[in-house]
Every structure is written in C-alpha cells, then in structure tokens.
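The two complexes that follow have subunit A in common; it is paired with subunit B in the first and with subunit C in the second.
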Partner chain A sequence: MSEDPLPGYTGVAREVLSRAGASIGDKVRIVTSDGRVFVGVLMPRYSIKPKPIVVLKLDNGYNIGIRVDESTVVELVKTREAILKEAAAGAPAVIPLLEERPAQKPRERVMVVGTGGTIASKIEYETGAVKPALTAEDLVEAVPEIATIARIEADVLMNILSENMKPEYWVKIVDAIARHIDEGYDGIIVAHGTDTMTYTASAIAFAFRGLPVPIAFVGSQRSSDRPSSDAAFNLIAATLYAAKSDYAEVAIVMHGETGDTYALANRAVKTRKMHTSRRDAFQPINDKPLMRIYPFEKRLEPLQPPLHRRGEQELRVENGFEEKVALVKYYPGMDGEIIDFLVDRGYKGIVLEGTGLGHVGEWLVEPIRRAVDNGVIVVMTSQTLFGRINMNVYNTGRKLIAAGVIPGDDMLPEVAFVKLSWVLAHTSSLDEAKRLMRTNLAGEINPRLTVDLYPRWLQ
Partner chain B sequence: MIERKADPKSINPRELGLKVGLEIHQQLDTKHKLFCNCPTILAREGEVEDTFTRQLRPTRSEFGEVDVAALFEWRKGRMYYYHAPRSHSCLVEADEEPPHEINREAIVIGLAVAKALGSRPVDEIYIMRKIVIDGSNTTGFQRTAIIALGGAIKLPSGKKVGIETIAVEEDAARKMKDEGKYTHYNIDRLGVPLIEISTSPDIETPEEAYETALTIGQLLRLTGKVKRGIGTIRQDLNVSIRGGVKTEIKGVQRLDLLPKIVLYEALRQYRLLQIRDELRKRGVTENELRDAARIVDVTSVFKNTQSKIIKRVVSRGGKVLAVRLRKFHGLLGVEVQPGRRFGTELADYARFWGGVGGLFHSDELPGYGITSEELREVYKLTGAVEGEDAVVIVADKELNARKALEAVVERAVQALYGVPKETRAAQDDGTTRYMRPQPGAARMYPETDVPPVEVTEDMLAEAEKIKPVHPLEKIRQLTEKYGLSSDLANQLLRSPYLGLFEELASKYSDKVQATYIASILTNILRSLQREGVPIDNLTEEHIESIVSALANNVISKDAVPDTIKYLAENPTATIEDAVKALGLERMSLDEVERLVEEAIEHNIRAVKERGLAALSKVMGYVMPKVRGRIDGKTVAEIAKRKILEILEREEEKG
Partner chain C sequence: MSEDPLPGYTGVAREVLSRAGASIGDKVRIVTSDGRVFVGVLMPRYSIKPKPIVVLKLDNGYNIGIRVDESTVVELVKTREAILKEAAAGAPAVIPLLEERPAQKPRERVMVVGTGGTIASKIEYETGAVKPALTAEDLVEAVPEIATIARIEADVLMNILSENMKPEYWVKIVDAIARHIDEGYDGIIVAHGTDTMTYTASAIAFAFRGLPVPIAFVGSQRSSDRPSSDAAFNLIAATLYAAKSDYAEVAIVMHGETGDTYALANRAVKTRKMHTSRRDAFQPINDKPLMRIYPFEKRLEPLQPPLHRRGEQELRVENGFEEKVALVKYYPGMDGEIIDFLVDRGYKGIVLEGTGLGHVGEWLVEPIRRAVDNGVIVVMTSQTLFGRINMNVYNTGRKLIAAGVIPGDDMLPEVAFVKLSWVLAHTSSLDEAKRLMRTNLAGEINPRLTVDLYPRWLQ
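Then we have the complex of A and B:
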C-alpha cells in the first residue's frame, strides 16, 4: 500500500492540491480566489471534520488554515526532499545531552521491550510528526542517563495503542520476556501505554510462576516530544528498578507525585490508573508502594518487602489466557439477559463488579445460578475498589454464595478479570479454578487491610 | 584608533540605516484563561497554594538540534519550583491536564484588533507549541496561534508602520526568585491570554519605535478588552543598522526606555563595525587570530598573587587559563554602549558558554590584584606581543575556564566580521547584554491536543462590535461626555489610564469633577513622577480610594498630591493610613468656623476698616493652620460670610 500524499484532505482541497502535484511537506504558493497569496509548507490536516481548508506552515513556523475553492491556484515551489536536504545541510553538529561518559561501563544488562506508546521520540519540526525511538541507540541518545545505570538493549515487539491491547498480545509479551530472561538479562523494562497497563502487567505477573529478575512496566502521561514529559524520569526510575533492585516482582514504575522528585514502584496486581491525566495517576489500592525511587540521585528506598528476591526462583512460565472471560459492571436495574447472553455465547468466566460488599440486584441470582450450573466461573469484586468482598453480611450476598459465586477478596476487578483469564487457560477443573481464584498467586490478594490503606482528603 | 567612550550623541540612527520591528504583547481582559476555566487575575499574596518542582528536558529536532541555552540549564540540574495558587490555577497550568478548547472570547478580541489594523484574518486558526525552556511554561512550550496577517498602523506623524502578524497566545508564569538550583515561578499568570502584534521593520528612529508602541498600546486599550496596569504590556524588539545584523532584544517592560534601548543598540552595532574596521586596518585575519589563540595554563604565574578571586579558585583546585587575542590590544577597553566595553561582551560569552563568573582582560590590567609582573608573565606564556595583542584570563574549574575561553575566541573571531546574530536582554539602564544565540529555525510544532478553530461569520460580526474606535472619535466622545479639553482627552488617551478614567468618572463625577479626575491621572501623576515619586507602585485600587475619599469629603483636593505620594511610597498602606499619617482628616466645618472667627478676631481692625478687602489677611491666618485638611475655597466662603456678618453687625450698631 503506497502512502497517501495528502492525508486528511478531501473534496475540493484535495483536488486543487493534487492538480498541482503537491504532497505533504512540499513548499507551495496559494493564490485564493479573493486574491490573497500565501507561501508555506503543506501540512497534513489532522482535524477529523472534512472542510475545504488547506494547512500551511509559514516561514515563521506558524501553521494557518486557508479556505480554498475551485478557482484557487496552487503552485509547487519546492519538494519536501529538497527542503529536508537543505535543512540537513545547514544543521549544526549534534551536541550530546550529557558530556561525561561513565568511567566504566555498567555491569547490569537491561532489556527494554517496546509494546507501544512513545517513551522516547524526536519531533520533525517540518511536519510536526513525532517519530518514536526504535533502537537502543535512539533510547540512549534521548535519555543518556540510563546508559550510566545499565547496559541497555531494546526489542520493539509491537506498536499498539494502549486501548487496542488484547490477551493475544499478552502471550507474545510473555514469550519475549521469558526469552530475554533466559538470555541472562538482569532486568526487564516493558514500555507500555498507560491506559491498560495494569491489565498487561498483571497478565505478566500471573504467567511467570517463577520469576528470577525484576520486571518494570513504564509509560508516560505526557508524551516524550515535550520538554515537560515524564517519560525520561519514569524510564530512569524503571531502569534503576530493573537493574539495581533485588525485587523479583512485576512492578509499575511511574511518578510518585506531581513533581519530578520521586517515582514509585507499585506491585502491578494492586495498582490502578486512578486519574485521566496526572503524572502520578498510578496508585496502589488496598496496598502500599513497593519502593520509592529517586532518579536524580539514583537511589532506591524499599517501603515493603517483595514477594520474592532476585534469584530466589527459577524461571517458570505458564503462558496463555482464556479469551471467553467477561468483566461486567453491575448497575441498578441491570437485566439478567446480559448474564444469559454470555452463558449462551459460551463464556467460561464472568467477573462481576458488584456494589459494596459484593452485591447485585436479587433478580440476577437466578441468571447467575444458571451460569454456574453451566460451568461458568463467576467471581465477585466491588465497585468501591477499596476494601474486601464479604457476602455473608446481607441476605443477597448469602444467596449469591449459595448460587456459586466466588468472592474475589480485595482483588481489583481488572486484576480478577486477568487472573480468571489466566486460570481458565491452565485448568479444566472447576474446583481447581475456584481454588486458584481464592489463592494469592502474585500478591493480588492482601490478607490484611490495615487502617492506613485508604486515602484521606484532610489530615 | 577608536574613541574609547561610546557617546550616543555621536550617531544619527536614521543615517546609520536603523531598522526596527516591534513585538507588542498585551494581556487580554477575558473572563477565563486561554485554555482553561481559571480567572485571568493574579493571586494575592498569602493565598492557599500547592507547590511542586519539575525539570525540563531539552528536546531534539530531527536533525539532532537542541536549544543550547536550555541544554546548559538542564545539565546544571536546574529545577523549577512552581507555586500554584488554588483560586488562580488548575491542573491545566500544572501541565497535569490537557488544554481545553481555545477561549473564543480571546480570539474575538484579537479579530477586533485585526480589523482596526486592516489585518486579514486566517480562515482556520491553528494552535502551535513554541519551545520555551526557561521554566516559565510548565509544559516547556508556549501555545500560540496566528489569527491574522498584514495591515498597518498609522502614527500621529502620518507615517505607516506595517503589521506582519497578529497572534493570540498564553502568557508565561511569573518569575519570583532564583534560589540555588531552583527557579521559583507563580503559575497564576500562566495561560492568561495575550495578543502579540508584530510589526514590519519599518521603524527608522528611536522616537518612531516609541510612537509605534504607544499608538498600538492606545489602540489596544481602546477595545476596552485589555488588562490595565504595569506588566500587562511588554515589548520585544528587532534592531539592525546598515551593515549590522538583526538583533533580538527581549523583555522591555518600560515604554519610556524603548527609545534609549533602540538608540543604544544602534550605537552598539555601529561601534562593533568600527572595531571590525580597526581590526581590518590592523590587518588580522581569522586564521591568524585562531592560530595565535592557544589556551594556556598560567596557574603557576599566580602562585603568590594578591588577587582574591584567583587565590580562592586555585585553593579549591581550579586553574587559571589565558588566551592571546592577536592584535586586539586596546580594543577590549573600547565601549560599545555607555559603561559596556567590548571586554564586557566577551565576558557575557564566557559566562554563558563556560558558566564562569567573569574574566580579566589586558585592557583593564594591571588591576583587581593582578600585578604588571604577573601580566607580563601571562603575555610571555601565551606568546602575546605587548602593545599589539590582548590577553584574556579566566580562573575557574579547568573545563569551565576552557569552554569560557573557547567562547571568547569565537566571539573575537566574529568581531572580524562585525555584528554577531544574538538574542539580548534589555537592562534597566537602556543597555543590553548577551542572553543566548538566536534559535535557528522557529522551534514550533502543532499543538495536537487543541482542535483548530474555523473563523466564522459569527465571530467576525462579534469582533466588529468591539472593534476599537478611532482615537479622534474617542477624543470627541471624551470632550462631549465629560467636558474635558481636547488636550486633556488626548493626554488620557496616550496614558495607560483611559479605562480607569472612564470607570471613575462614571462612578464619581457627580461628586468629583471629571476634569479633575482626568488631571489626577495625567498632570498630577506626571509631575509627581518627575519629582521622583515611585508612581509605578500605585495600583488602580489606590487611585480609586483617593477619588472616593475626595467624593466623600474625607480629604480635600489640596491633599491629593501628598496622599498619592504617601501611597506610592507605602504601597501596602490604605487611604485611611495615609489620612492618619499625613494628619489629613478633613476639618469639620465647625472647626473651620472657629478658626475663621479666631482669624477675624486677630485682624478685627483691618476687617472693620476694609471689609471684604481684608479677606486675604484672614485667609493668610487660617490656611497655614489647616494644611490641606480643607480646601481654600471652602475656607474663603466661610470667611466671606463671617466678614459680611461682622460688617452687618457694625452697620446695625452704627
């Protein structure tokens, strides 16, 4: 498939541009029908709404939109290739970000597995396009600090928007990580979009039944093309966790507060993206952070012990996820047909996100009983996120238990969903599946919820 | 040889081919900021605030270019300490939430100004990110958008100055202080809408630069939609002379300084061309200069030095490095602007590129504790010829000193060709200092978080409604409505107080004459400023409190200048404090009557003999005792009445 020379352009705008043989990045001269003259570089139109408007980048760097019609005259002044060639010829020598090289090469080897998002990138000022850094060299050039911590290598596995992530990709990521651990890397970093990071990181945590090294999931809330990006800070923190910590756990390593002071490594299976946009969006729920990381000082401060330390376990992988699992949020008046539909479509597991201690409308008890009778595993979690499921306190809860619902303890609904997907792929026994869902496999169940595990607005 | 002193009177800027372009930035008085719903007023001191610290990383272009100024700050570990007042900033200013859609009100005001200047609006407005990494934007870029192109402004002289672009953009955070590695900013101002008007380089004299800024400022104020007061309008300049280079000058806050800065920059470029010609006369080439300019360690020369600076550096393990500048003898002491020598320009480069505190050069030595013996040794070690070459000495950590001297050599090489391309910062005395090299290509890329805005007929119609009136029309309105003389109206129009006048006049003109309010804002303030009263400290609230006190008879007209002076000198004081401190409580009429009676008693013979002709004697007795606590007119009225009463009584008796 050849690339569209005029992305975003339709109708008359596209017509007058193609007539001139112009494509994105070319310098053009436009004379509008009311006699105005503009010269600039043709830019893509990233607006979704189709309009007869052509976007030019003027010599002063600004973009403007010009309305065109049939009688607008477009002339090609200079091609994109010629412009880029001139610009490259006039560019000054590249200055490295850091001048001093480490006295000796670090010993630890860290593999950065890329799945999507742009943890490091360059801006093409001519078009405004952001190009991801794809190689280890690019990464180190963009964030030279990481090379002072570890020997960095990169494996760009896929380039997927966070929201487009699927269980089938989890399988590929597990395979890649397992291979790299086997190759002897001292730690793994997974660069991932933030929206579904908890799901993927939890999938990794369940699939590695024996994990000898740290795995850090890292992303950014401000894209890396901007000077205020959190990407470099997070990446340095993740490198410290992967290379220097002795926690052989899957952690999400991101900003610990809004400022650039410290990052937190949080246990993947207890961590949730709790804000649409803040740098410190990732917060542990029903748990505390594993460690605080000071990237500028290159210092790790453990806050609670890990499940396993580096090298304690042999590498053991149980890969694979059942895709016929649903996560269903209960709402007042929810129709039992929704449960029936899933059962009839052959779903093997349903995680319910119920109210309070773990309830749904009593009219759902019968559809749920039917699901269980059909061999579907039904797990209850809570919309409150904080706190533990307890279905013995109220009558509906007791009825649900009687219908065969498994209480999900203090598991996050998303994590219970990933866990059930993994469990159902690795056992055909319903009893075994039920037992595993109630067993703490990767720190996803906190048996003791203490008074301090709850955020307060006023001190 | 060139005159050592740089005398601004020695040049005629127009004859030198002076060309100036202005960039005028003015805050708009919109309800909300440009990309969020925060108000556009600044926080009061002591307001509840959150704080956070951030770093900004230099970003690279596809050719690997980085902004060196930003890079140096980042390498030094520069951090930004942000103060976020809760009522005046939100997650958007904190760079923790994407920008909302652009404020339509700001665009409409911008379009109204465009119409008044004959600029043609673009059809669709695109918001751009302009990289700015000094911490003044939490994002590391300023969001800015061109809304119109072309047009012209006509000066009172009849001259037309072209307009290149009109943009709407976000204001930066307010710098509070530098403290170690932290630069403190308050983000209350971040995101306040600005209009930026860029003129063509049509301006040919320093006075024209002033007139252009003033006329544009006046036009902006006539919209009634811009912020008033100090710091709401700022100017950047582009200045060149024939044979010189377009130099950017940033951050001119005071309009009255503008002509001086332009003149001084013309002078600087002229002097640099003179230095170039002198170097050519001396016959030095770039190759010769570079070959001779080896950086030499001269630390050993200063083993027993008396120079405190050098002693301190060496005791901390630093080095003293020196470099020879072939045939520069005498030129480093030549002034390029009053009080700024060519050596000062070299020192700016040393500071910027080497991060050193400063340098010593042979045209100021011996001195600063460096002896002529030491200087002679340095000459010898660098291979410099006394009386022909100059030497520059830097004492610092070796790497820094070396980088500083490398930059000095580069700057010296540029002297062979005239004026280097620079961005300079304006200083309070009208001179400028080197700030950084000019950024190469415009470092701009699209703000993809904000959708473009189509300029619609509706918007243009709204803009038409608030399009500023012509200044002559405004003068007619002021004379008709408030009875101002056309001279007073014109003065108001040129002052920053037109808006305040209209507000105060509509509120208080039933009690205080509008012409008097106008003269407070023009003549009185101006003459106080001439006397050295710091009137920049006055807020609009101060001035209104004075007018209000007048209206309520709390103070008299005679007390106005003293009250203004007091508040300007004590800006945290209130009008009540001023009245108390100056002993200005208005006298009660009873008190005045008693004083007048006392005066008549004192002059009873004159009163009885000469009647009303003795009024001046009575007044002469009373006025020194009331000292502004009541106005003369009232005293005179009471005195007249009392005198007439006495005369009547005398007649009855007689």
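Then we have the complex of A and C:
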C-alpha cells in the first residue's frame, strides 16, 4: 500500500505505533508509562494540533485519546483484516467507520447545552487531563459519529452534579435553550446527570408553552472511560432525536435495553429513573415511549405520535418556578406536625405521595384542611407510581377531596412536584392553579391508561 | 331424577326457585324486590338455619347470599347441562364444585387474623346487611373452597382502613399472631387492606425473629361484590400458602397476573404495591417471588427456597416499634430546615429516599451531619426502587458517608423505614443499630441482584 498507514500521527505517537507495526483499524493494546492499560481500535487523528496523543475506539463505541511518550508500550492485538474476517464469520466486533467525517457537512444545527453529570464531566479526550465540562470539539472528538448527523455546537452553561440541581438552575437552562432556539438551531441536546434528569427535563417541558423543535435530555449511567459506558451510544441517539425527528417535545434519550440495540426517546414528564445503575434505567410510567432510536442504523421508529410536530408551534416561554413547594411521601403513623411545619414556614404548595388510589392516614385530614385554608395548594399522587388517583372510591379519599386536596390523576409524584412549582410561579389565583394542575399541559396526564403500559415482571 | 334439585332450600327461597324451574348448578338471574340484579350459578345451601337466602356463585368465584321474598324474580339463564356442554366445547365458564364440603375434614388449622380492608369489610354473606368485620363462618360461606384446604378459624382483631394503619397497631397484630402460633395453628392469614400492606407485613417479618409457620398477608384490590373481585382467588391462594407450604416466611399473597391463573407469594420485605388498581399490583423489587400458587389446581410452585422452613425455628418474638422515625423523600432544592425540624422534634431515625446510587443535594450534608451528631440514625435508600445504594462512586455519596449516613443496600425505602422503626425499639446502642440496619434479618437485603430481577417494559 502506498497510503499512509498512520494518517494524522506525528512525532512520538507515530514512532511508538510504527514500532508495533500498527495501522489504522487494527486492534491494539497500549500500556502507558504510569501503568494504565487500554485496548481498542486505532483511529486516525484529525486534530491539526501535533500532540503526543493516540486515539482508540473502545468497545463501548467511545473514542479516547491517550497521551503517549517514549516508554509507552504498544502491542498489536489483531489486524483490521482479521477483525473483518471474524465479523464476516459472524463474530461480534466493533468495526468503526475509519472515515467518520461525512462527504458533505450535515445541514441540521444542534446545540448541546452542558449542565454537568457523568456524560459531560468524564468526556476527556486527552486522558490524564481532567476536563469537567464539555466543548463541541471534545464531544465530536470523543464521538465522531455525531458530526455525521448534525453540525454540533456546545454551550457549557454550568457544571454541577445532578443531585445538586435546583429550581434556580432550571431557570438558567430554560433561558439558554430559549436563546438557542431563537438563534435558529434545529434541535437542542441537554447533557445532564441522570439522578434528577426527570425533574429538570419536566421543568423545561412545562416552561416551554410553545416548543418548535425537539429537546433531548441525555446522560450516562457509566463513566465514558469504562468498557460498559453508554455515553457514546446515548449521545448518538440524542443527536438523531434533536436533528432528525419532527417531535417538538422534551424527551429523555437513553438506552432502551441492556444491549446496544436501541435507545428510547421517552416523554420527559412520563419517565422515571427506575434503577440505580442499569443502562436502561429510564423507563416510561403510564405511557409508551415516543420512539425507538437505532444509533448504528441511524433509524428512528415512532411508537406514538408527538403532542406537537416540529415547527407547529411558535416559541413561547414562561420561565420561573416557585421554590416554596414540597414533595411529601406518606408513611404509616406520619405525624401531622410535618404538614403544619410546612404551612408555618410559608410553603405555597405540597405534593403528597399517598398510598393506593390517593390516601393518607385520617389524622392528616385536619392538618391538610388547615394547609388549604391557608392558601396552600395540596395535590395527591400515589407511591404506587403506576395507575391513577381516584379519591371517590373510599371514604378517606372523599374526606381529602372535601378538605380541598386536588387529585393528581396519573401524574408521577416527581412531575406533579415540578408542575406545581411551575404553576405557582405563574398564577396567583388558587382556582387557576387548581385548574392548571388538572389540565394536561405537556403530556403529563395520560387520559387513556391501557393494560400494556404496566411492565411485565419476569417470574 | 329422584334427587332433590334444591338441597338445603326451604320456604320462600325454595318457592321462588321452583317457580323458575331452577336446579342446583344452573345459571340464574335474580332481581330482588329493591331492584338489584345478580347473575350466577345456583349453589346448594348448607346452613342449618332456615333463612330466605339464595346462594349464587358469581363469575369471580365468590359465593354470595341473596335475601329473597315473594316478589323476587328468578329467571333461568342456562341449565347446568348447557354450561357443561359449552365448557366441553372450549367456552370459558365457571363450573363450581357443587359438593364443596370435603369427605373428611382437613387436618391443618389456619387462623385468619382480621385487621380490615376491602377483603374483610365487604365480605357479607347476606347482602343488604353490612358486616364490617369477618367471622370464620362468613369466610367459609363466601369462599367454601378454603374449608376444603384447612380448618379455618377467625380472630377479628380490628377493623381499620389500611391507610390508617400505624406502628401501635403493628404491635397488636404481632401479639395476636404470636398467641395463635403458640396455640398450635399450622399457619396464619392476615386479612389487610392493600394500601399499606407492605409496611405492616414487613413489621411482622422483623418482629418474628423466630418464625415456625407461614404467615400470609392477603387483601383485595376490588370489592368482593364486583364481578372483577380478586377476593375469593386471593383467599384460596393465601389459605394454600398458610396451610400447605413449608415456607416459614411472611409473604404477601395476591394475584400474579391479570388473569385467574396464578397468585404469587412474595417475600413481604421485598414487595411493593406498584399499581393503584390492578389485581397484580403487588410485585417483587430486587427479588424473585417465593412461589406461584395455582388456586384452582391447589398447587404450589416454588420459585426460590425460603429463608426458613416450617418448624425449623422456635417461636421468638421481639415486639415493639419506635414511632419517632421519618421517611423523607428528596427532591431538587429541598430545604435543610426539614431535616433540622425532625431533629428538633426528637426524631430518632430518618430514612432518606435519595436519588440514584444514594445522593441528596450537597446543601443537605450539613443538616444531616447535625442530625447524626444528635444521635439520629440516618439511612439512605433510592427513589429508583430497583438496584442498590453505592455511595462510594461519587463525591456526594462519600461526603454523606463521612457525615455518618448508613447505606441502605438494596432495601426498599418503605421497608428500611419499618426496619429502622423496629431496630430503634430494640437497641439503645447506635453502633448496634447501624450493624442491624446493614444485616439481612428477614430477606430485606438481597446480596445477589441478577439482571432478570428488573421487569420488562413492553415497548
């Protein structure tokens, strides 16, 4: 072959690779001088900066840059020819596109808004140098496939762990997204930690009363330097949703099952993190996913129609969240003094996570009535998560209705909390607040619960 | 036929049935003089008291007694022969045992402890007369099948709605069960409302440090007078678990799927009501069911071994629960004043329902440290429900560990709350309390979480 077997590599990087007889596309093993070991497929280097960096595509699809020096050991594990032969014989293998730059630049422009979390904080192209926040260049270097789907830009808005997210940050995220939509981006990706993703994504869904483009929240359940990382897979899926779908909805885009087959775009206000660590932790409750997304095939498979399609609505933002709202989970024997305390501290809204169809101990009816009499909006949801509040079946429910409690229909407790926070910032009328809580604003209330929406427990 | 077509019927009941030409086993429609309509299979009457009562088996398997008078209208819907013919041709049909009294009395003695809830409050043999609590006779007349499995006795301990259940009642239930085990019953059934069943059943599981017999908690998601009632089905399954299984564990025995195929006996401390209204609302989290129970075939199918088998342990009871324990669900922006309030009010334990692997906002670390410094035991669980707490992965988790928070492993938040309430009533040593919270006492901690324990979302 007359072609350069190591395009883009210069200096010491080129030297250690040549010494091992490695060419682009071969699987190599690299042991750095400080003892770390990496195994992956050798990728071309596109960066114009001549740095001592070798780029590997790990088995998880994630590209990583490894700083090398004279004492770095590179071993050839398998040639590209051998990998292709095995793959042809049916062996599972990662066969990266070696030319990941598209022939022509994609048309769609997608803005990635960085807020923090594993997906942003661990994307560090040059290993060793900790980069807590992401840049567009970082993202494209780590996951070159996204540049074949859209023109990626990045706005590092903040860098906080998702457990530290709070309403005042929601306001900033809404402002940034609104600005970028106004600037004409075709879709928005929000990189966010997974812990509180449902809360933030729901806040954004309520604040955009008119949303003309798709918004994809994306995160990672495993650090991107771990073989099992879902960062690359999820980011490609989120880019497809933001750039290629015509669903003008806020979706959470994450792994749909444990394998690397498809991701799911789930309606933010109907989605919950249901597992501490699984890649398919995000699942819909009382709703179907919006679509399956096959990142490798770059294919979208709709599972239900959107509330609104791309361009159907004018951009309309109603930003702001009331911070004096509490989410209170009921438990047997719960003392009414907890409700009294919230009322006395000036809380304006309380979302109860009651039992079954929407109950709490009868001794709480009086403290709740007192809360309502003090102008506090009290909403009932269920700790069962699945199903719908119905406070007309049993006596306790009827007493709570009489005390002024608003049934939360089939809303998730977490989403009802975010919604109440939004509602109370946008009306001072109690009647209007009650009406809004019972109105389906962003798909948070599903009027038709069907039997297939309950998951199947394997037994 | 020379046999009496209406055995057990006398007076006006016999008269209205004869007038319609109805025989035992026929499907009939009865319109009472006050306009209520019942359709079901005519059953023999075994009661020795000559009352104007007609017994029908409804489609849900539940027997109901209907008070009749001269103006009651009885219509023959389908003869027994026609029903049998259709069933032979494959049509779904309820074919009740007409002789439901066994040839010889069963050996096993089962005590049904009534606490309230739908299953107990709506079982009323003579329609019209409201019977808020159950007697053994009521139960056997309503669901005669249970008398073929065990000798049923009943102890109506209390009659409260399950949302009104609290730790002081747990103590009474423990005492009653202990007494009945001591009296030599082969198994215990606790009839309980479904809303807080997990909490109470877990309390009983922790209080019996030595349990020699099975304890089945059973309830009903639909009133027994409704065609879709699960009361009869669940009660037969619970009787099978209590009388025939050798699992000396506290189980929740309820429908396993929507059809009438099998019930599940789930380990109480690993089970959660996951739906407001479905019959198969109770499902295991981070665990397999103990067994499937096929009520119609009277068959038990073990799915995992028990912690202890029948008779393996001596009866040992450690009754008592600390009431100053709170379950606190975290939400974005939650104010630390809520933790402070609990500490100031003398709470001795707090179970946090945090995010993901076990996190809360960093601004809560200080209030939590203050709680721990004041001798409060703080335990972390996850609002994801599935998976396991791991506070060593991220910085926030490590800070919380340093502040003295105890990781709750894979315990359900609700179960950790009950366990902490039990633990704090049985030790005054903080170290011992911490040790107990991390020790698997009743199957509440599953050291091996496998991938098949996560349900399959239908997509």
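Rule of thumb we're sticking to: the second predicted complex is superposed on the first by the 343 of 459 C-alpha atoms of A that agree within 3 Å, B and C clash if a C-alpha of one lies under 4 Å from a C-alpha of the other, contacts with A are read in each partner's own complex, and residues count from 1 in each chain.
The rule is short, and it goes like this: contacts are C-beta pairs under 8 Å (C-beta built on N, C-alpha and C of every residue); 3 or more make two chains touch, one makes a residue touch a chain.
As the structure is a computational prediction, the values presented were derived from the model and not from experiment.
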item	value
A:233 touches, of subunit B and subunit C: first, second, both or neither?	first
Touching partner for A:447 - first (subunit B), second (subunit C), both, neither	neither
First, second, both or neither for A:346, with subunit B first and subunit C second	neither
Touched partner set for A:142, first subunit B, second subunit C, both or neither	first
Touching partner for A:184 - first (subunit B), second (subunit C), both, neither	neither
Partner chain(s) touched by A:278 [first = subunit B, second = subunit C, both, neither]	both
Contacts of A:259 with subunit B and subunit C, given as first, second, both or neither	first
Most subunit A residues touched (candidates subunit B, subunit C)	C
Touched partner set for A:35, first subunit B, second subunit C, both or neither	neither
Which superposed partner A:55 touches (first subunit B, second subunit C, both, neither)	first
Contacts on subunit A seen with subunit B and repeated with subunit C across the two complexes	258, 276-278
List of subunit B residues in touch with subunit A within their complex	52-66, 68, 70-71, 74-75, 77, 79, 91, 94-98, 120, 122-126, 128-131, 133, 138-141, 144-146, 149, 165, 167, 440-446, 448, 451-452, 454
Partner subunit B, residues of subunit A touching it in the complex	36, 43, 46-47, 51, 53, 55, 58, 60-67, 87-88, 91-92, 94-95, 97-99, 122-126, 128, 131, 142, 222, 225-229, 232-233, 257-261, 276-279, 296
Residues on subunit C engaged by subunit A in the complex (per definition of touch)	161-168, 194-196, 199-200, 256, 258, 264, 272-278, 280-281, 283-284, 288-289, 292, 303, 323, 326-329, 331-334, 337-338, 341, 345, 353-363, 382-390, 394-396, 413-414, 417, 451-459
